[in-house]
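Below is a structure I'd like to ask you about.
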Amino acid sequence: MVFVDVPEAELRAYRSSVTEPAGFAEFWDGTLAEARAAGGGVRLEPVDTGLVTVDVFDVTFPGFAGEPVRAWLRLPAAALRPAGEPLAAVVEFVGYGGGRGEPQENLLWASAGFAHLHVDTRGQGATWSRGDTPDSGTWGPQVPGVMTRGILAPETYYYRRLFTDAARAVDAARSLDVVDARRVAVHGGSQGGGTAIAAASLVPDVAALSAKVPFLCDFPRAVTITDAHPFREVTDYLATHRDKVERVLHTLAHVDGVNHARRASAPARFTVGLMDAVVPPSTVFAAFNAYAGEKEIAVWPYNGHEGGAADDDAAALVFLRKHLGDPRG
Amino acid sequence: MVFVDVPEAELRAYRSSVTEPAGFAEFWDGTLAEARAAGGGVRLEPVDTGLVTVDVFDVTFPGFAGEPVRAWLRLPAAALRPAGEPLAAVVEFVGYGGGRGEPQENLLWASAGFAHLHVDTRGQGATWSRGDTPDSGTWGPQVPGVMTRGILAPETYYYRRLFTDAARAVDAARSLDVVDARRVAVHGGSQGGGTAIAAASLVPDVAALSAKVPFLCDFPRAVTITDAHPFREVTDYLATHRDKVERVLHTLAHVDGVNHARRASAPARFTVGLMDAVVPPSTVFAAFNAYAGEKEIAVWPYNGHEGGAADDDAAALVFLRKHLGDPRG
Amino acid sequence: MVFVDVPEAELRAYRSSVTEPAGFAEFWDGTLAEARAAGGGVRLEPVDTGLVTVDVFDVTFPGFAGEPVRAWLRLPAAALRPAGEPLAAVVEFVGYGGGRGEPQENLLWASAGFAHLHVDTRGQGATWSRGDTPDSGTWGPQVPGVMTRGILAPETYYYRRLFTDAARAVDAARSLDVVDARRVAVHGGSQGGGTAIAAASLVPDVAALSAKVPFLCDFPRAVTITDAHPFREVTDYLATHRDKVERVLHTLAHVDGVNHARRASAPARFTVGLMDAVVPPSTVFAAFNAYAGEKEIAVWPYNGHEGGAADDDAAALVFLRKHLGDPRG
Amino acid sequence: MVFVDVPEAELRAYRSSVTEPAGFAEFWDGTLAEARAAGGGVRLEPVDTGLVTVDVFDVTFPGFAGEPVRAWLRLPAAALRPAGEPLAAVVEFVGYGGGRGEPQENLLWASAGFAHLHVDTRGQGATWSRGDTPDSGTWGPQVPGVMTRGILAPETYYYRRLFTDAARAVDAARSLDVVDARRVAVHGGSQGGGTAIAAASLVPDVAALSAKVPFLCDFPRAVTITDAHPFREVTDYLATHRDKVERVLHTLAHVDGVNHARRASAPARFTVGLMDAVVPPSTVFAAFNAYAGEKEIAVWPYNGHEGGAADDDAAALVFLRKHLGDPRG
Amino acid sequence: MVFVDVPEAELRAYRSSVTEPAGFAEFWDGTLAEARAAGGGVRLEPVDTGLVTVDVFDVTFPGFAGEPVRAWLRLPAAALRPAGEPLAAVVEFVGYGGGRGEPQENLLWASAGFAHLHVDTRGQGATWSRGDTPDSGTWGPQVPGVMTRGILAPETYYYRRLFTDAARAVDAARSLDVVDARRVAVHGGSQGGGTAIAAASLVPDVAALSAKVPFLCDFPRAVTITDAHPFREVTDYLATHRDKVERVLHTLAHVDGVNHARRASAPARFTVGLMDAVVPPSTVFAAFNAYAGEKEIAVWPYNGHEGGAADDDAAALVFLRKHLGDPRG
Amino acid sequence: MVFVDVPEAELRAYRSSVTEPAGFAEFWDGTLAEARAAGGGVRLEPVDTGLVTVDVFDVTFPGFAGEPVRAWLRLPAAALRPAGEPLAAVVEFVGYGGGRGEPQENLLWASAGFAHLHVDTRGQGATWSRGDTPDSGTWGPQVPGVMTRGILAPETYYYRRLFTDAARAVDAARSLDVVDARRVAVHGGSQGGGTAIAAASLVPDVAALSAKVPFLCDFPRAVTITDAHPFREVTDYLATHRDKVERVLHTLAHVDGVNHARRASAPARFTVGLMDAVVPPSTVFAAFNAYAGEKEIAVWPYNGHEGGAADDDAAALVFLRKHLGDPRG
C-alpha cells in the first residue's frame, strides 16, 4: 500500500499514447450488427431463493453472435413495485475471474428499487465466484487466463465477445416490460468497470455509467508499469512471443478503455485508488481524461484495488438516483 | 490450498485436550449477571440508506459492564412485515478485524424475512470493514491485534468483554417488539462463529446456532499447528513472554469454543474447510465433537478459510428456516 | 527443498485409490479410432536453421479429430545416416505451458543418432517456450490454464485431445520412411512424462517409455497434498465449484496416469525427485507401482521438480539405446 | 536492499509539507504541565543480575498523567564511580514493539561510565523484547499495533502518552543524586529515535540528542511511499476509514518529528540508511533538515533500517563524550 | 511459528542415524596434533573502546595449521579483578555468517566477572557482524556460504578448520595468566553452539558446555526436513552434484555434532525451540540424546531459532556459575 | 515483469560514473603476462557421450597463474569437418553459479559447424550446473557466492582470476590445430556475457563478441538500484563492512564491464531486457554505450533476465556467421 504511479497532479493531466486504430468504428458496428442480426429472445425463469423482499430470475439472453449468455435479474418484491410502472435498471458486469455468482448474493440494487441485471462473464467464473456461460472457442496458444485468448487479431480476441455480450445485455434489459428503456445504467468494478465503459461506447444512449477502478484501459502503459495479474498475462505472453508485439498492441487498441471512453457520452462516475497496483491509477485517468461525456471521479488516496468499496457503492447509488431519478417512478 | 491437518476420519474422532477450568461457570455467570445488572436500554435510530425493501436502524445496546455497543438492525420493509406479528431474528457476529460495516451491506437475512441484528465488534473494525464501538481499556503489553489484550487473566481478557457483548446482543434482540423472543438464532463466521458458539453457551435457550468455520476453539492445539494470523498473535506473545505460558493457557481456556460447546444445547450447524490454514480443521472438529446439542457439519474438502462461502449462506438459510420456521409467521 | 511426501519405503509400497472408470477402454478406443478415421497426411517442410550436423523439418500431422498438430522432426545430417536404413525414433512431449519451441533447440536426440519428433502442445506454448498449435475449443468456465478446460466431462476435457495427439504423433513417426516403425520410443518430462505414459497406454506396442517426473498421475491424492501449480488449478476449481466434485474426479480418472500405467506394457524408465512439490513423489510412485510392463525408477532424494535433469537425459539415452539398439543400425 | 527514495542531493534539500498545527505548543505545554502536576516519586529497587561491573536498578517513575512507567537504571559498579560526583546520563528509548527487555542486556552505556536510564514503552513489549508498562486505555477501533490507538484526536492518541513519558523520564533522571542534571542526553533508534526527538523538543535543555534512523517523522509523505510496517498501520487505517483522513493527519501533526525538530535546540546526531524501507530516508531528512539546533547526520548508503548498527553506537559514544564530557567527571 | 518436527515425546527418544565413521578419532587427533605442533604464540593488544568497566584486547592466536585467528578478550576492569587470582573463562563461538563483531559489543560475560574470549569465524563475518579472519587460501570474510567449501573430503572441509580453531581457542585461553585453566567453559548459539560441542569433544576436559539451539547436528535428517538456510546450502549442492552424495555424507559425519556429542564429557546445557525451522528440534535432540556427559536441556515450545534469547543467556550465566563457581574467586 | 529502470531513450544516452582506475592497463597486462609466463599445455581427452554428430573432448588448459582450468571442446563429427581446414571457434563463458555442465548439453555451436570451447567457472558449478574447476586455494565448486571473495584488493579479487582464465581460454582455443586462430569469437550470457566483454578487452583481436544480458557492468549504479542476487552480495557486504566502501569500489572498477568495454574493439552484439531486475538495463547500456568497437544491441522490452533466450541464440548464430564466415570454410 503505497503510491504506485506519478503524483495526482500529473495523473489529472495524463494522456495515454493509445490511438484509435483505423476501422475501429466499423469493427464494432459490424460486430454489434452481426450479434443483433443473430436474433434470439430473452428467457426468464423464476428462482426460489427463500428471499421475500427481492424476486430473482435466471435470465438467458443472446450475446456475441447470438450465443446464449446467462444473468440474474433481481427486482424488488412485487408488492413494492409500482403498478404498471417500469423500473429504472442497473446492468452490472463482473470483475476478472468471476461469474454472476449465486442468486441470493448482491442484493443492493434491487433493494434500492432498481431492476438489476447481473450479467455472467463468458468463460470465467471459476475463481472467486461461479459462472455458467461458456466462451465460444479458442484460436491459439494463450497464457493462463483469458487476457491472451485469441489476442493475435481483433476478430478472435476474447474481449470482442465479452464487450458484445455487454452491449447486448443492455439491449436485453431494455426489452423487458419491467424496465424503463430510457433509464438503464451500466455499472461494474475492475473488469466490470472496463466492460461498462465499453458498453457505454457501444450503446451510447445508456442513461449513466458507473465505473469503479476500471481495468482494461491504456494497455501500452499498463503492461510496462505493473507486474500484477491480470495485466501481467499480456506481459508474459509478449515475453515469449517477442515477434508479435505489434499485432498484440493492435488488437488491444480495439478493446482499450481509452478508445471506448472517447466515444461514450453518458454521464459518468469513475473511481480510482492511488495505491492500486492491479489497475495503476494512470490507466484509470487515461480513460477518465479521455472520456467524452459529463464526468466525475472519486480519488481514494490510501486505497488499493478495493477503491472506495462500500463507500463507492453508496456513492454510486446517490449518483444513479441523481441521473435516473427514483427507480420506481 | 492443501489438506492442512490430520485425515478426515481422525478429525471426526478428534478430542481436544482442553479442559474446563475450575470456576468456569461462576466466571461467566458472574460476568453476565454483572452486565445485566448494569442496565441500560436499547436505542434505535432509523438510517436513511436509500433502500426500499429493507429498513435499517442504528442500534445501541448495553454490553459488557453496560458499556454501549453498536449494531445495525435490518428488517424487511414494513409493507412486507405481517401486521402485529413479530419476526424470527438472526443475531450475527463479525470476523476478526471487522466491524458492523455499512448499513446498506449484508442484506441477505432481512431480505429473507428475518430481523437481522448485525453486531459491532468492540475495538475492531479498522481493517476490512468499519466499526464504531470502542473497547473499554487495556491492561498490559500486547501483540498487535486484540488476541493478547489483557491475556494474563480471564477477568481482563478482551474476549470476556466481546462474548458478554454477544450474550447481551441476544438479550437486546429479544427485547424488541418486532422480534419473537423465542425464535432468535445466533450466527457468524470465523471470529463471528466462535462468538456465536459462546453466545449459545451463555444464552443456552437461543433457538439455533450457525457457526461457519468458527475461530477461537482448541487454543492449545491451534497455537502449535498454524503460523497464520490471528492465532499467531498468541504464539508471538508466548515466544517473548516465555514465563507466562501457564497463565495464558488458563485465560484462554475460559474463552475456548470447546468449553463453550460443551455447555450449549441449541440445534447447531457447523462448517469447516479441510484446507483452512487460518482455522485448522481439527480446531473446528474439537468444538463440533464436544458440542452438547443436536448438530450437523458441512465439510468442504477443497476450501480454505472461505469454507462454503455463498453455499454456506444458502444452507444456513435453509437450516434456520427449518429450526425457526417461516421468519414472518 | 525438503522431503515433501511419505518416506521412500512407503512410497515404494504406495497404491493409488484411483480406479478405472467403467467404459475407460471404450472411451479411448473410440476416441483414437475416430481420430485415425479422420485421416490426413503427415507434411514435412525443411527448415533453414544454420545447423550442419542436424536436419530439421517442420511437421504437421493429424491429431485429435484429425486437427493439424505441429512438431519438429530432427535427424542426424544425411551424411551421417546409414544409406537405406531407417532410424530408431524418439517421440517427445513437452512440459506444462510450453510448446515445441525453436528448431535449433533440443539437439540431444538427433545428435545421438535418433529421429526425433518433438511434438507441439495444443493451446499451450505461451509461457516458457513457444507453441504453434491451437486447441480446438472450450466448453465452459475454467481456471486459468488448461487443467480445467472442459473438465465437466471426459468427452470435452482438454487432455482427451492432448493424449490423442500424442498417440497420433507415434502413428505419424511410424509412417515416415526415415523411421523404423518397430523402434519408436515415447519420452517426456512432467506433463510430457504423463503424456508419454498415456501414449504408451494408447499405443501399447511402442518400443520403450521414458517418463521423467511425470505429472498428471493420482489426481485424488495430488489435489489434496500440494498447493503448487498446475495441480492447484484443479483445487481452485473445486474450491468454487463445490457442487461438481464427483463429475470432476470422474473426468480426471480418464486421464490419470495411474489408469494408463495399468494398461501399458513397454519397458519403462521413470524418474522422481523426493523434494518435488510440483509433482509429489507419491503420485509418481502411484503410476510406477501400477505400471504393467518391465520397469525401473531413478529416485533423486535431494531434487525437486528438476529431478535428475542432465543426468536423467544421459541415463535415458543409455536406457533407450539398450531397448532400441543402435539408433542408426 | 536498494535506494528507496530520491537521490541524496535531493534528500539534503528536502522539506516536509508538514506544518505545525495551531495550538501545538499549548497542547504539549498543557500535557506536560498536567503530568508534572500529577506528582509521584521515582522508585529504585536493586536487581540481582549476577553482574559485577554494572549495578542495575528497577525504576518506576511517574509518566503521562502521573501513571507509573518502568525503566532500568544501569550504573558502573560503585567501585568505579567517582566518590561524591554525579555521572552524566543517557536516557534511552526503545524501538517499535519492544520494551525495556532484561536487566542484563544493553550494557554499553553503563560500561562506558554513564548512568543509563533505559525506559520501558507503555503497551508495547510483546514482540522482540519484553515490556512491563501497561498503556492507560483505548478509545476506539484500531489497526493492530499502537500506531492508530486513539488516532482520532491529539488528546487520545497513543504517542501523546508515550512522548510525555519520555519527557518525564528526563525529569526522573535529573532527579537522581547519581546524575548530573545538566549533563543528560536522550538517545534511541527508530521509534526510540523519534521519541528522543520529541523529548528534546519537550525538554529543550537536554544536553544532547542522538537519534538513530528515527521513526515517526513526516507522516504525510511516509504513509504514501512505504508499505512496510509500522507506518503501514496508518495507511491500513485510512484505507478503511476513508472519511477521517483530515482528522488523522491533524492528530499526527502533533507527534510528527518534523514539528518537534523545529522546536529542539540541543546538539544532535542523526543517522539514516539510504536503503531503509521501514523509515524512508526522506522522512529522516525531513526532521534533520528542520532541526533547529546544531546538528550532524551519518548517511549509510548501503544500509537498511539497521543503519550503522554497532558503528552508530560507537560513534554515538564519541558524540556524547564530546558534548557531555567524561561521564565520570 | 508452528511445531516443525515430531512431538516432544518422540524428540526425547529420538536417535540419529548418523554413525561414527572409521578413523574419526584418528582424523581429529591428527588434525589437532598438527595444529598444536605448528606452534605460534597468543598475541594481545589493548583496544581503546571508551569503556571503563571492561578492558578489551585484540587477540591473535594460532588456529588450524597454525594459521592466525582473531578474537576479542574482554575482562572486568582491573580494579574489579582480584589481585593475583585468575578468572574463570568463557570461550564463545559465533553464529553463521557472523564474525567477532566490534569490541564494545557483547559485554555480558566480562560484566559478570568472566574472562571472555570471543572467537572470530574464519572466512565469515560479512553478513550480520564483521569478522577479521580469512579462511585458508582466501583473503578475508566474504558473503556466505561456507557449508559446502571443500565438502568432498573431510581433510578439505571448511568445518575441519573451524573446529580446530575452536579447540585451539580453548588452548589459547588456558595459556593466559589472567585465566584459570581448569575453569574454562565453551559457549555459543547456533553455529556457535555446534562449534562449542565440537570443542567439548576435542578438548574433553573443558569445565562446561553451553550450546544454545546448536546447528551442525544430524545432517542426514536435517538436509531432508528443512529448506531453510544454511542447511539448505548442502541440499542445493546435492541437488546438482547427485553423484557425490556418499562422499558428502561421509565428510559431514566427521563434523556432525552427534558424533562429537558422543565423545564429550563436560557438564552441558542445551537449548532448543520447538518452532525452529532453521535448526529443526530433532537435530538438537539427536545431539543432546547422544551426549555422553551430565546434561540438561531447556525446551522452548513457542520459539523459533531465537530459542530462549535473553532468558537463555540469564540461565547460561546461572549454569556456568554453578559449574565454574564465582568467576573471580 | 515491469520496466525496472529509466526510459529507453535515457538508457540509450546513459553514461556510467565509473572511471578507469590508475594503473588499470598495467594491472591487467601484468596479470596476463604472468599467467602466460606460467606456461602449461592444453590437454584434450575424448569423451564417450553416445553422440554421433558431435565429438566432445574434456579439455584442461592453463588459466590464472597457470592453474588448470577445465572446459569441453565440442566439434562437428569428423565426417562433417573439412579435411585439413580449421574451424571458426566460439569460446563460451557461463552464468553465475554454473559450471561447464555435462558433455552432452549445449550442442548448438558445434551443430552449427563451430569448434565450441565451453569453459568451466572456477569455484562455481554447484547450483544450476556442475563445474569441475576449483578456485585458487580451495577444493572445488561450492554453493555461492563469489562476488565478495578477496574483494578488498584488485590483486586478490575473484574476478581477476576468472577473467584471466577467460583470456587464456582464447589462447587455448587458438593453439588447437582444429581451430582457425584468426576466427575465434567470445560469447556468453549474464556472468558469461560480462566475462566475454573482459576477454574482448584482454585479447582485443578476437574476431567478435556476443554478450547476452551481460552482468558485472557499472557496479556503482547496480549495487544501489537492484536488490536481486548476485549484485546483492556486494550490497550485503557493504552493509556490514561500512568502513571499506572506497576499497571495494576501487577493486570493482578493475573488473567493471564498462572499463573493459572502453578497451575492446571487436565487432559486438549486446542484448538487454528492459524488465531485467537481476541485471538492470542501465548497467548493460553503460557498457554498450562505452564500447569502443562496432556494435549493435537487441532490446527486449517485455523480457527479464532471460532476454531474447532462444531468439538471442538464433540471432547470435547469424551475427557470428556474418563476422566469422562459414565456420567450416
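Think of it as A, B, C, D, E and F in the order they're written, each chain with its own count starting at 1.
Here is the rule we use: a contact is a pair of C-beta atoms (placed from the backbone, for glycine too) under 8 Å apart; a residue touches a chain by one contact, two chains touch by 3 or more.
Just so it is clear, the model here is predicted, and its values are computed rather than measured.
Student: What chains do chain D and chain F have as common neighbours?
Tutor: Chains touching both chain D and chain F: A, E.
Student: Same residues or different residues where chain C meets chain E? The copies count as same if more than half of the interface numbers are shared.
Tutor: Shared-number fraction below one half, so different.
Student: Please name the chain that ends up farthest from chain A once chain centres are defined by their CA atoms averaged.
Tutor: Most remote chain from chain A, centroid-wise, comes out as E.
Student: For chain D versus chain E, what separation do you get between their C-alpha means, in angstrom?
Tutor: The mean C-alpha positions of chain D and chain E differ by 37 Å.
Student: Just how far, in Å, is the C-alpha centre of chain D from the one of chain B?
Tutor: Distance between chain centres: 40 Å.
Student: Let me have the rounded angstrom distance from the C-alpha centre of chain A over to the C-alpha centre of chain D, please.
Tutor: Here the centre of chain D sits 51 Å away from the centre of chain A.
Student: In whole angstrom, what separates the CA-based centres of chain A and chain E?
Tutor: 64
Student: Residues of chain D that touch two or more other chains: which are they?
Tutor: 129, 236, 311
Student: Classify the inter-chain contact topology: is it line, ring, star, complete, or other?
Tutor: Graph shape here is other: it fits none of the named patterns.
Student: Would you mind writing out the residues of chain A in touch with chain B in their complex?
Tutor: For this pair, the touching residues of chain A are 50-54, 76-77, 79-80, 101-102, 104-105, 107-108, 110-113, 129, 310-311, 313-314, 317-318, 321, 328.
Student: Report the residues of chain F in contact with chain D in the complex, numbered from low to high.
Tutor: 223-227, 232, 235-236, 238-239, 242-243, 245
Student: Taking the complex as given, what residues does chain E use to touch chain F?
Tutor: 125-130, 136-153, 156, 233, 236-237, 240-241
Student: Given the complex with chain A, which residues does chain F contribute to the contact?
Tutor: Per the stated touch rule, the residues are 1-3, 274-275, 300-304, 306, 308, 311.
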